[in-house]
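The next block holds one structure in the form of structure tokens; read it before the comments.
Labels A, B, C and D are assigned to the chains in the order they are written; within every chain, residues are numbered from 1.
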Amino acid sequence: MNSNVPFRGIIAYPITPFTADNAVDLPTYRRLVERLVGSGSHGIAPLGSTGVLPYLTDEERDAVTKATLQQVAGRVPVLVGVSHLTTTGVVRHARFAEQAGAAGIMVIPMSYWKLTDNEIFQHFDRVASAVSVPIMAYNNPATGGLDMSPTLLKRLLEIPNVTMIKESTGDVQRMQALRQLLGEDVAFYNGSNPLALAAFAAGATGWCTAAPNLAPELTMGLYEAVQQQDLTAARQLFYQQFELLQFIVAKGLPRAIKAGLELLGEQAGELRAPLQPLTEAEQQELGRILDRVQVPATAG
Amino acid sequence: MNSNVPFRGIIAYPITPFTADNAVDLPTYRRLVERLVGSGSHGIAPLGSTGVLPYLTDEERDAVTKATLQQVAGRVPVLVGVSHLTTTGVVRHARFAEQAGAAGIMVIPMSYWKLTDNEIFQHFDRVASAVSVPIMAYNNPATGGLDMSPTLLKRLLEIPNVTMIKESTGDVQRMQALRQLLGEDVAFYNGSNPLALAAFAAGATGWCTAAPNLAPELTMGLYEAVQQQDLTAARQLFYQQFELLQFIVAKGLPRAIKAGLELLGEQAGELRAPLQPLTEAEQQELGRILDRVQVPATAG
Amino acid sequence: MNSNVPFRGIIAYPITPFTADNAVDLPTYRRLVERLVGSGSHGIAPLGSTGVLPYLTDEERDAVTKATLQQVAGRVPVLVGVSHLTTTGVVRHARFAEQAGAAGIMVIPMSYWKLTDNEIFQHFDRVASAVSVPIMAYNNPATGGLDMSPTLLKRLLEIPNVTMIKESTGDVQRMQALRQLLGEDVAFYNGSNPLALAAFAAGATGWCTAAPNLAPELTMGLYEAVQQQDLTAARQLFYQQFELLQFIVAKGLPRAIKAGLELLGEQAGELRAPLQPLTEAEQQELGRILDRVQVPATAG
Amino acid sequence: MNSNVPFRGIIAYPITPFTADNAVDLPTYRRLVERLVGSGSHGIAPLGSTGVLPYLTDEERDAVTKATLQQVAGRVPVLVGVSHLTTTGVVRHARFAEQAGAAGIMVIPMSYWKLTDNEIFQHFDRVASAVSVPIMAYNNPATGGLDMSPTLLKRLLEIPNVTMIKESTGDVQRMQALRQLLGEDVAFYNGSNPLALAAFAAGATGWCTAAPNLAPELTMGLYEAVQQQDLTAARQLFYQQFELLQFIVAKGLPRAIKAGLELLGEQAGELRAPLQPLTEAEQQELGRILDRVQVPATAG
């Protein structure tokens, strides 16, 4: 691992908890970050989709960035989400993250109007010129509203400090096409939880996931099994957590992780409207899934 | 027309022009609004997708709202876009628009995380409780990221001041299903330019469109022909502008309207990054389309 | 109307009924064809999707073709479906239909392997060379498995006796694009029942539909209202049958028409497996829809 | 391996070659089958999509079935495709295949009208009742026109001799869902070439593929590497053939395999219209891909 590609393995995404009066609850947030570091995550990624980045004000984003870096305190690298609808906004947050000590920043080209490939390239290029920290280009049509082709991603990697790609289309063929197009040295990361096993098989450098909030032994265990080429163990660990991964994706990560943390006895704060908690029935279903996940894990 | 449904016919969408140093260019904006009123639009809708609502700060949005109402000065009703990712944000902008004198407000449930039907209902309900101005619920999966079913839209109409629906899925069957489900008194508006004729045939109350910036005689003419049950004339006027409607949708309304205005000799300001102007070739194509649109119009 | 474009208005599709021992029930079929002619249909189209063309043997198809032409006996033009997976097969059935007296033949490029544009062109060209009867090119990705672009359809129209296009994608914009690309003289037909009103507004020459089996006054009435430019009446007649059109499409035309005919007191024979009758609950739903459709029609 | 699940590993699909006058070329066919057996395939599957099953007459299908079983002569198990649009047709071909000595039969519920889950179940149930040979249920929406859900596939497996599932949606999550729903003993096969590595990682019993016609060392090598848990080797072998797998899928298996065989110096007969050979440019591209595939294979 070099300084241009400072992430590998399990990159864990904390949620952003809110107080009853709709402010960011930083003390609770720091406890949740500490849990992720303590359970062995190889990196921490604040202000992702899980962290409801687009629902936060600029000042709230700054506070979360600072709190993360203080709490992690250099134990693992921190990847800060700096996306914004305007290019000017991304530059502002990218600079703040760099100054705060982020090892890398993540940029998803958020859309409202569909951007052309050229607009996306200019967007990344202007951000990259403003900082020297490595950049992870993040493709997630379902949340960002734009689908960056492998060809465009290849072009983005020509920008010197764009060194990493996070793929969340949910299609393993897209990762394979990236690997094919870019060679085996490309650092690509899987952001689609149900594809964790397939992505590692395809050569992913890491897995960007909120699952370590709820089942860290399984997420870390899967990565270790793949590292040791123990495909049988990897497969067994993957299927053990597959139902949980499907659930948290289907229900939305912020809602599902908050509910899961509370079922595990952790304080997880409130959601920010329009997001609402899982229904009672959904919480019970998650409880049953967590029970099934935990039992074999402690037995294993 | 009653005060609960203050819009009919052609509701025109201005772009938001920017200065060279990335500020909102209010003088240019007011001239563009004046053009739309002067050419016979039946309503003005600032801060829509065409007006790059999501790329503006709260303060910029306030300034555009005030400038619109001052410029229009009661000649036609004004429909202000007040969407925001958070519920709190929508309430803030809804109140501002009401106090500024808007005849109605438009809310698209912007997504990042897919919202559940219940979250969307709560979102609208909280906004509706905070104001008394009529609300247009806007469905546009392509820009908003969420698709509200006819069933959900029916439920939203049970909120007293949610009285209008704007449908922009691009599927006329959706409008027909709404009309079927809600009865012939429902006020539904077409927001998909290439469906203008089909939507009026299906019973749409109005057409929300940026096209009057470039071809007002044709947009207004289509509405009048439909009103007079002259289907032959309506069809002829529609196909005369169909190529233009396809172009502005395909290229993105802010980019295409800006380019078109300049081709027509109007100042239209700058775009805000990441949006970039049309390429030279695209501008030439638009020029040819505008030539074809204009010639028969002056001849007819 | 000229001999190259022998169809306009309502082109009615009979089902193909089967006996209890899985043979084509020709006497019942002829009665159903007679009903369609008697209720004012402007054309009859055997061996379409409604007639379960792909489930019939070559000999059964020949028998249905002959029976149709004998029963119709020149009162209205007959459009025979001659599609087959192989080019040789289409040529065989096209020749048979021409010799039997069809006014036109319909060809949908059935797929299994997706065909290239060039393969589709060759397919039509070889069929067109083998007969002199006018050909309707039929685009229906949902049943045929292939989507022919407006550009490809334009190319097909360059083949001398390919003179008509039937569009069943369910997207009125596709018809508009055809009309835009091909000029107002193109003969295009709507094959998507829920788009009947929008398609006529867009300039369709005819509507290919199985609905006259169940509500002939409404289908013929809609066409007449459009001819007389009475948009209000057309809209009222359309919404009166819209629920029925949605139902028969959603449940599959052969199943739904058979069930509807029986609810109306007609014998409609058996379906051929794997097709099965509608469930009891579906039949009851259709009964309620037919009741609602009939009452206003007799009152109006 | 037991007699209910007689297939594992690489199940190879021959094309069906035709003579210049459009007849099945059985001598060429038998040579192509011999090549597949000789290069180590673990099973042979005539009359699949690759073998253009739907373009053949009943008599041609019988002849291909017999020729395959005679040529293979018990060296590996044979899986005969017996699909037909009608239930009666499937029963007929299923009985023929069983009597001819097939170890299993494959049924894809071919559509024209979308079939309901109940119709699909009845279809399989009637076929299964007519034979005692094990049945592989094949899901491939792209060619068959129907998408069978994991839940429906689970229901099909309750029919005693439906014992295997072939999944070709191209989505590895579907295979994972099957494995999750059905337990680790389910025999599922991957029919999507670009998913070969991901499917084996997910636990697939076998890979149904036409690729052994062109690169048997790589297909067989991938399976062996997975068996030996050598993930690094498996990944290397997969990427070595990935470009080829993408190409043959994108261009259509019958066209691409025929062209590839000829580039490798084999006679491969003609295609049946409407299928046409690859263009010259496509053949050259395939030639370059085959060159790249071969070189490392001989070096490795």
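Criterion: a contact is a pair of C-beta atoms (placed from the backbone, for glycine too) under 8 Å apart; a residue touches a chain by one contact, two chains touch by 3 or more.
Just so it is clear, the structure is predicted and the values come from calculations on it, not from any experiment.
The minimal number of chain-to-chain contact steps leading from chain A to chain C is 2. Chains making contact with chain C as well as with chain D: none in this assembly. Between chain A and chain B, the centres computed from C-alpha atoms are 35 Å apart. Each chain gets one centre point, the mean of its Cα atoms, and the points for chain B and chain D are 51 Å apart. Residue positions of chain A touching 2 or more other chains: there are none. This structure has the following touching chain pairs: A-B, A-D, B-C, C-D.
Those residues of chain A that touch chain D in the shared complex are 170-173, 176-177, 179-180, 184, 194-195, 197-198, 201-203, 226, 229-232, 234-235, 239, 242-243, 246. Touching chain B in their complex are the following residues of chain A: 22, 49, 52-55, 85-88, 109, 112-116, 118-120, 122-123, 126, 142-143, 145, 252-255, 272-276.
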